[in-house]
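Common to both upcoming complexes is subunit A, partnered first by subunit B, then by subunit C.
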Partner chain A sequence: MAGFPPPGATILGDAAAGKKIDEVGKKKVDYFNLPCPIPFEELQREAISIVPNLHMLSLKPELFEGMRFDFTKGLNPKFSLSHSVFMGPMELPSQGAETLKIPTAHYEFGANFIDPKLMLIGRVLTDGRLTARVKCDLTDDLSLKANAQLSNEPNMSHGMVNFDYKGKDYRTQLQLGDGSLFGASYIQSITPHLSMGGEVFWAGQHLKSGVGYAARYENDKMVATGQVASTGMVAMSYVQKVSEKVSLATDFMYNYLSRDVTASVGYDYILRQARLRGKLDSNGCASAFLEERLNMGLNFVLSAEIDHKKSDYKFGFGLTVG
Partner chain B sequence: MASRVALKVGGKGKNSGKGGRGGEGKSRTECLKEWTDWSLHKAKVIAHYGFIPLIIVIGMNSDPKPQLYQLLSPV
Partner chain C sequence: MASQAARGGVSLPEKRPPKRQQPDSDTILAKLTNSEIVSKGKRAACDTAYVTKRLLRSTGKAAWIAGTTFLILVVPLIIEMDRDQQLTELELQQQSLLGAPPVGAPQK
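Moving on, here comes the complex of A and B:
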């Protein structure tokens, strides 16, 4: 999908992948933003494992290569600091068939303030790059989300602001980004199980605009989504909750302009002490991600990705404390 | 005339001040663009250096109020 502006996929991806219906009689749609920072999500995921609303995460865990160590220190139920060390090869985008990797090591300091009404998350790397996320509930129905990546190099900073309005059985979102990026999306729940929506985006810098539609059907045991965009993307996904501990998922992505097809199958085992996610791709890529709870607050992480087509093998391990 | 042309050719800063005599509308939009560029740049620098300290200040003032040594000690 190279060459197409990311916002199209991002907005619609959030819209389609994140709806959850609360009760049968009351039509209410919940909007779940996929690129959510990990600590907040892990809290929710471990505490409530009832509804398979995080199905996309079964197929897209955060695979990494190298060593990772994360330490989160909570000073308050709301305020915490995090220190993270990473050592390993970083991949550079390369035009040829071979992958260029450069060994890097960095330390990242982060501060999180999480309140029901206000959430502030900031991470800063040793090279001066700052990742900031803000989520603020202006009123009961209107919320503001902003996220930015600032760096010392000129022209390498990006920012995006979203305004979300939640109605009785619909949600709308307005998105403004730098580089004159504009997007809007609307999702409406049609029946207690089915919701449909659409989005429109315009990227001034790349002079691209697009329209997309999405639909999502779910019940207690399964979630099926489909989306089409005028950028040429057609994506469908299906997740089935086979038992309390096991979920299986499958995903199909097709670009009718560039004739690019990818299909993948994945599984998600949520066990008492561990969570194992694996995926097999039609691009010849097999990956697995294991998170094991060694002790209270101590997690061990193993990540593996084997790409047979490109002969690229990535293995990573890490420890997460707190 | 010649002096005005010379001033317009050189530098954005000089243009906004001196070019006003000839084309009032043009210099106003250029002025506005310059001001928005400057303020965006300053906002970016302030956000870059001040965001994490802002989170720390808000966090240290929320209750239950944590102690200062807790910021630095790994316990």
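Moving on, here comes the complex of A and C:
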């Protein structure tokens, strides 16, 4: 779900992480009434579509491989249960050019309680993992988010707590994780269109620490962001809303310590019955993700990813009910 | 014909060492086949065949990459846009069908 990055990944500011923040407020030219900027987290999850107050990720759909089936049953306006089956290969990190895939299957049972002020989500998987997420609005401006994962395997259990404070035209976030992970971020609106911010993190377990800065400029039709971190990451992205249904996005990521460069281009078509996202990468990767509404409450999902360099092909399909 | 392809590049095969002289280079046919022009022509033909093979192979590879990428990125888009257009047409038709009667009916 949007807004909940895996614990540990957010603060370490890696190429894939470094998210915080979001939301576009209303615009006024009065400098004492600047809009509230988007949370720092979401800045890096680029390609945020320009529909005001609704952010969607164009360049990073949740691609998957295998079959996925999700069923959500609402028992109450606030409480619902979810059943989910997944069958497919899971990739194992392997040294060498060959990707190691092992077919796995699991069933996941979950319960969600969703209230305007409090959201509780819990999931249990048949491979022995338990995840829990809490999002609570303590006051109008202060909110608490926590997530935790317990697992059978040693060293795979972790938890994280975030405190978000939203001021008139700024946001701050404090993040505490297990393994003495500590992070803080701040973002401020400078003009109705421009906002800038910074983050600091310290990971005690890996003895890493870093600082990062970000800037975001937005318009009715486009959003441009830039981000630099002391972990060596430089990222820039640009999203343009070409029409009501179409957005195009492009992304550039450069790590000046490891000299890794990645550029990607993508499109996002939001039609009435379907949503199609496609992306082409400079690593020789082409991917597409289609979500189609077959009926009321019935969604069909198709995911494809072709990596020409590694000759790795992943295709997945799924059904989401409810 | 060994090819010494440099990193990322293609190069023609090395020149072969010159053939040793045939013993009876007196007959006209032998003289002809041993002449410079013929051997140069033979080399040119081999090089052409080699280059054509490489070109064909890289064109084939490029066509495969372009084709599969097109299939993944563009074909679903065309299909979905077509469906959306059909839906719009249908709705327009329905609208025009339902729009007409209320105007003509209560004229009794």
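To be clear about the criterion, the second predicted complex is superposed on the first by the 268 of 322 C-alpha atoms of A that agree within 3 Å, B and C clash if a C-alpha of one lies under 4 Å from a C-alpha of the other, contacts with A are read in each partner's own complex, and residues count from 1 in each chain.
Just so it is clear, a contact is a pair of C-beta atoms (placed from the backbone, for glycine too) under 8 Å apart; a residue touches a chain by one contact, two chains touch by 3 or more.
If you're wondering where the values come from, they're calculated on a predicted model, not measured in any experiment.
Partners subunit B and subunit C, once the complexes are superposed on subunit A, both fit on it without clashing. When the two structures are aligned on the shared chain, A:Phe79 is found in touch with subunit B, with no touch to subunit C.
Legend: residue contacts after superposition of the two complexes on their common chain; A:Leu130 is shown touching subunit B, with no touch to subunit C. When the two complexes are overlaid on their common chain A, residue A:Ala288 makes contact with subunit C while staying clear of subunit B. Measured by the number of subunit A residues touched, the leading partner among subunit B and subunit C is B. Once chain A of one complex is fitted onto chain A of the other, the partner contacts of A:Phe109 are limited to subunit B, with no touch recorded for subunit C. After overlaying the two complexes on the shared chain, residue contacts for A:Ala263 are found with neither subunit B nor subunit C.
In the superposition on chain A, A:Leu120 makes contact with subunit B only, while subunit C stays out of contact range.
Contacts of A:Ala274 after superposition: subunit C is touched, whereas subunit B is not reached. Least inter-chain distance for subunit B and subunit C in the combined superposition, rounded to the nearest angstrom, is 30, based on C-alpha atoms.
Shared contact residues on subunit A (touching subunit B in one structure, subunit C in the other): none found. Residue ranges of subunit C in contact with subunit A, taken from their complex: 65, 68-69, 72-73, 76-77, 80-81, 83-84, 87.
Interface residues of subunit A, counted against subunit C in their complex, comprise 267, 269, 271-274, 276, 278, 280, 286-288, 290, 292, 302, 304, 306, 308.
Remark: subunit B residues 44, 47-48, 51-52, 54-56, 58-60, 62-64, 66, 70-71, 74-75 touch subunit A in the complex. Remark: subunit A residues 71, 73, 75-76, 78-79, 81, 109, 111-113, 115, 120-122, 124, 128, 130, 132, 148, 150, 152, 157 touch subunit B in the complex.
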